[in-house]
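Next up: some structures, all given as structure tokens.
In the two complexes below, subunit A is the common chain; its partner is subunit B in one and subunit C in the other.
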Partner chain A sequence: MNKFYTKKGKLLFALPGLLLFSVFVIYPMIPQILISFQSHNGAEALGYVGWNNYTNLFQSNVFGKVHRNTYFIVGCSLLIALPVSLLLALLLERASAGVRTVFKFGALFPSVLSVTVIGKMWAGIYDADWGMLNSILRGIGMEQLTRSWLTNADTVVPCIAAAFLWQYIGLNCILFYAGIKAIPEQYYEAAIIDGAGFWRASICITIPLLQDIIKYVVIISTLGSMGMYAHILVMTAGGPGDASRSVLYQMYYKAFSMSQFGEGCAIAVIFIIECIIVSIIINKCIAKEPIQY
Partner chain B sequence: MKKKNICITLMFSLVLGLCACSQESDSDRPERSETEVRKEEVFGEGEKIKLRGVYLNGDEVQNDIMDNYIKKNWTERFPDVEIEWEGTGDLTNLLKTYSATGDLPDIWYSDAASATAIINAGNQLNLADHITEDHFIDHYVNPEALYYSDGGIYAVSSGIDAFYTPAIYYNKKIFEQYELTEPETYDELIQVCQTLIDDGITPISIVGTTGWSVRNFLFFTILMNDDPKAAQALLSNEIDFSDERVVNALKKIEDMLNMGCFPEGVANIDFSTHMALYAEGKTAMIATMSWGYPELETAQDTGVFMWPSSNPQVKTGQVLQIWGSSLNGWAVNSRSENRDLAVQVAEYCTEQEAFRHAAQGSSLNFKTENPAEVTSELEKERMAIYNNAEQYIKTLHLNAMDSAVAAEFATYTNLLLAGDYTAEQFVKDFNPIWKENTWFEK
Partner chain C sequence: MKQRLWLKILLCVIGVGFLYPMLWMILTSLKEKSEFYVNPFGLPKVWDLGNFSEALASLDILKYSFNSIIYTFFTCLITLFFGSMLAYCITRMNFRYARQVTLYMSVGLVIPIQVVMIPLYMMIMDMGLKGSRFSLVFPYSAFQMASTVLMLSAFLSTLPKELEEAAAIDGCNVYQAFFRIIFHIIKPAVLTRGMFIFISVWNEFAIAQVLGNSEKLRPIPVALQNFFLSVGVSDWGLIGAAVVMTSFPLVLIYCIGNRQIENALTAGAVLK
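The block that comes next holds the complex of A and B.
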């Protein structure tokens, strides 16, 4: 039995996965990295240009802007959506069975909807003329706050972020709820005997024991927010001008709209590095060691 | 040892990947000019030749051509050929991707936005010799329209594009209600708009997303109705966007936007919304391309006029912008194993496309027997104006901009429609990009 636990044995078992990972993940990256050092119009390579694609990106104002937009959405996702999801999950756990059933259906519903449907729906909500948001503001006498939300450079990114977060808050909540249900009841019974209330039990028992789930949700939320593209395409097509583009949208725009695949691939390479760094930071910061009670 | 194992694994997977993604080189490929020979060699008798094709399924017209003409009559024309069709609404990006990965189909519907890159990569066949030899070119009223600037023919089409123009369609009931008449000058158009704005009606519906209307026709139509020579000079790169006449055309759009001629939040209005705004009677006019007339005519009692002239020397309707490019149409993969057959298929698709349009009474460059009469009064009215025009100028972004410049033109025209962005800022930002244009480099 022990002979399987040698280094060779471990490698043998890891080989199928490693092979698939190499063919479908590592290998496609290699031509991408090569193209990032070329002038490429999408149909053919026009020669190597060294680091020019990268220097062009770093000198461009748009590259900074798309990063600001992307990390603004990541920030909203982590600082607003995650705490709200967790709070909802904690409350859900204490709700009646009927409320839970209705909530679970309602919470999951947006996450299974097509992004196109959600994008169009929210674009309708934000419409300057007949949109629900402006209608409500007019209805409660706050007409001075009405505006064309998606064509204003100051409001467009928060508006898209709200649509994106709305879609995934429910899903995150259900993930947290599943984690809460896995915590043994005895811990809570002991806490009640010791006089702990809802907040105390949540802070001292639930949240620490949810570390693995929190880590998972933080990773998928962060990387999901960083990779946001479809909502922008449907809601604003990156506009007004380039005001609402994310890093991925800019990559698409450079490669496919402008036929500058070299710069597009350079953005992709930078983006991959960013994602790896962010994943490492999250892994280092959250749940390094499993908590044992 | 561990490193060695990992290296071997990675090497193995890379070799596998390279083998899977490699393609046959030209030198390895035998000459296969005769389709019948190819068929006998490869498939043997009784087996069908298989081709791949990509078509545009962006709207009902395209779907009608494919389903009720090309597919319907296929077996009769090509009983021994099987074709796998792939429809797409995003032709440009799909074709670029296929070209880059060496996976282009045998035939496809080419569009100007992607064609230049594919032609330069040597993947799009020059059809000039083929269609001259088989006399297909004789079907055209004006064969010159097929030639690209390098003297080659890279796509064949029914030639309907050249009969599409921008136009302003208006709601007759609203015009009657406010005692308005068709404007014949730019100043009269502004007066009509002001009257409508004063009465709480949004005057003109346009598309703002990606600057669609401004990019496709609005800016250029305004320019040519102010000075046709300036439009022609811009199209042939003799002037740039800093030219005073160009700036004035952009300023007119800025002025109309600030005046409230377009719907609120116009920069984010997409094509379907701009059609719906007019169809539901929320705007009195719609500035759009003429291919959309059936929907407008069905929805409202509609009239049509051309963009009014802003120059006393230029009569309204005298100069018209026409759609399309010689690179739009059915194209053939120069590396197709069944090249001659693919050319025949491209010609067949063009014929079928022409039959469909002719059955609707549309004017075409491709000659067909017994074309139907135009039944729509609205289209008759527009075609009467079209036939009386003295000068036809091609669309700017399809005939004078490379992909990068066209994309940035869309971005900045969208910004212009968002407000708080002046014509002068537009020129300052966009003119350096225009000067980097590679379209005219031959």
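The block that comes next holds the complex of A and C.
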């Protein structure tokens, strides 16, 4: 078959894709690193400044705050959204076909909406005067809890996190459900004969067998929440003040609002390193042999 | 299996809960401006289309939809065409560097597209692509390439070797074997992937906000954000009308192709 797969053929098949990927995904990281050591206003470089951009970052309070915000959202998606969507998927498996159709239709719906629409709908929910949240609170007589959710520095980050997680919880749930469906019946038959109920069967059989898909969801939710920035831009533009900025929003803000492209690139370089470390940690923690049924 | 009533109700309520904000937007958009402030949640007393005509007057939906269509169409085309070729090369052509290329491509899964937007912005300026629609199509294609190649490779490696052997015996060269035989076999996987790319590019905001934020280039999500900035924060009827109109195409597709969209969104889970 060596004559069939010619050298020229291999090149022709591999090159266009590789080239496109290299030029627009891998290559930009090189100027990214170079600019992070320069003072740069977006149009021209104003000379090398050594590690200044980095030391500026580590000395500023904002840099710590944007990390707290970002990892708060990562924490929410791993500790709240992930267990909730797993539980919903387990319950969904027990429901009838009709209920399942209704639930699935709703759950995947936010995945086809754009972030602009999601952001604005949730801004409506949080609206101080006519929003759904405050109206409900007033309705059940808890007037003292109403507030302007998105302009209050204490509540703004959890509020954005809720909107962000709402968009992906349904998708995660359907992913888990697809995984559950792939588990062969006979595992459960054995469990039912042994008298295992819903919780026992779920914890002892379903969840261990779902490992692969749990790992996948952990990876996409962690990296997805780390890279979140559009929701913030649409809902609060980082405000009030700098209260709700994430790492990438800070990068965007430094570069495109303050014209400090050097510092923006330094943030990006640190962030890429974080992404790589986090994905190595996840792989080390949950990486096991793929499950064969 | 015994179906409990509370389970039924709980799941249906949650399912409808995901739809409720959009439903609220639809109802709001149909109310007269003054009615919203006294009756934010109920059905409109007077069904009024004024918000829609007002939104249409300042938001050129046709033009922005056209932009979005161009971006999604060309991204799908480029990614699926070159992506399936690359996947074919690394799985079936006895390619010596297959492992390294797979590892290299998986970098694209770890790095979110937004991270490189600063150098990407400068590159686009330097390459003279600024103001061209390809300034968005190329980065989109490149970023969709990673997951597309990995997913199609997983699919291609399950096909039997005999396919090409038979093709070779019948006198096909590798190009004919790929385009006439293999491509038809992987078509379902390619279409599933295409659906996924379509949804993600249609809704992409982060890069479009930076590279395509001029009157001529804006896709729908960015145009909508600009519209929101110009109408202020409390004209919910107008906001609702714009949300409903711009979401309509995808919601329609979602209602028709619900099953396909579910497949497209869950197919990515085969990547590990």
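Note that the second predicted complex is superposed on the first by the 263 of 293 C-alpha atoms of A that agree within 3 Å, B and C clash if a C-alpha of one lies under 4 Å from a C-alpha of the other, contacts with A are read in each partner's own complex, and residues count from 1 in each chain.
Here, a contact is a pair of C-beta atoms (placed from the backbone, for glycine too) under 8 Å apart; a residue touches a chain by one contact, two chains touch by 3 or more.
All values derive from a computational prediction rather than experimental measurement.
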Subunit A as common anchor, with subunit B and subunit C clashing or fitting: clash
Touched partner set for A:16, first subunit B, second subunit C, both or neither: second
Touched partner set for A:251, first subunit B, second subunit C, both or neither: second
Larger contact residue set on subunit A - subunit B or subunit C: C
Subunit B versus subunit C as contact partner of A:261, first or second or both or neither: both
Touched partner set for A:276, first subunit B, second subunit C, both or neither: second
Which superposed partner A:58 touches (first subunit B, second subunit C, both, neither): neither
Partner chain in contact with A:26 - subunit B first, subunit C second, else both or neither: both
Touched partner set for A:48, first subunit B, second subunit C, both or neither: neither
Subunit B versus subunit C as contact partner of A:7, first or second or both or neither: first
Touched partner set for A:241, first subunit B, second subunit C, both or neither: first
Subunit A residues contacted in one complex by subunit B, in the other by subunit C: 18, 23, 26-27, 30, 42, 123, 127, 129, 256, 261
For the subunit B and subunit A complex, residues of the former touching the latter: 1-2, 5-6, 9-10, 12-14, 16-17, 92-93, 96-97, 99-100, 114, 117-118, 120-121, 123, 208-210, 263-268, 402-404, 407-408, 410-412, 414-415, 417-419, 421
Of subunit A, residues touching subunit C in the complex: 1-2, 4-6, 9-10, 12-14, 16-18, 20-21, 23-32, 35, 42, 88, 91-92, 94-96, 99-100, 102-117, 120-125, 127, 129-130, 132, 135, 166, 170-171, 174-175, 178-179, 212-213, 215-216, 220, 223-224, 226-227, 229-230, 233-234, 248, 251-252, 255-256, 261, 264-265, 268, 271-272, 275-276, 279, 290
List of subunit C residues in touch with subunit A within their complex: 1, 3, 7-8, 10-12, 14-19, 21-22, 24-25, 28, 36-37, 40-41, 78, 82-83, 85-86, 88-90, 93-95, 101, 104-105, 107-108, 110-112, 114-123, 138-139, 141-143, 145-146, 149, 164-165, 168, 173-175, 177-178, 199, 202-203, 205-206, 209-210, 220-222, 224-225, 228, 233-234, 236, 239, 243, 246-247, 250-251, 253-254, 258, 261-262, 265-266, 268-269, 271-272
Residues of subunit A touching subunit B in the complex: 7, 11, 15, 18-19, 22-23, 26-27, 30, 40-44, 123, 127-129, 148-153, 235-242, 253, 256-261
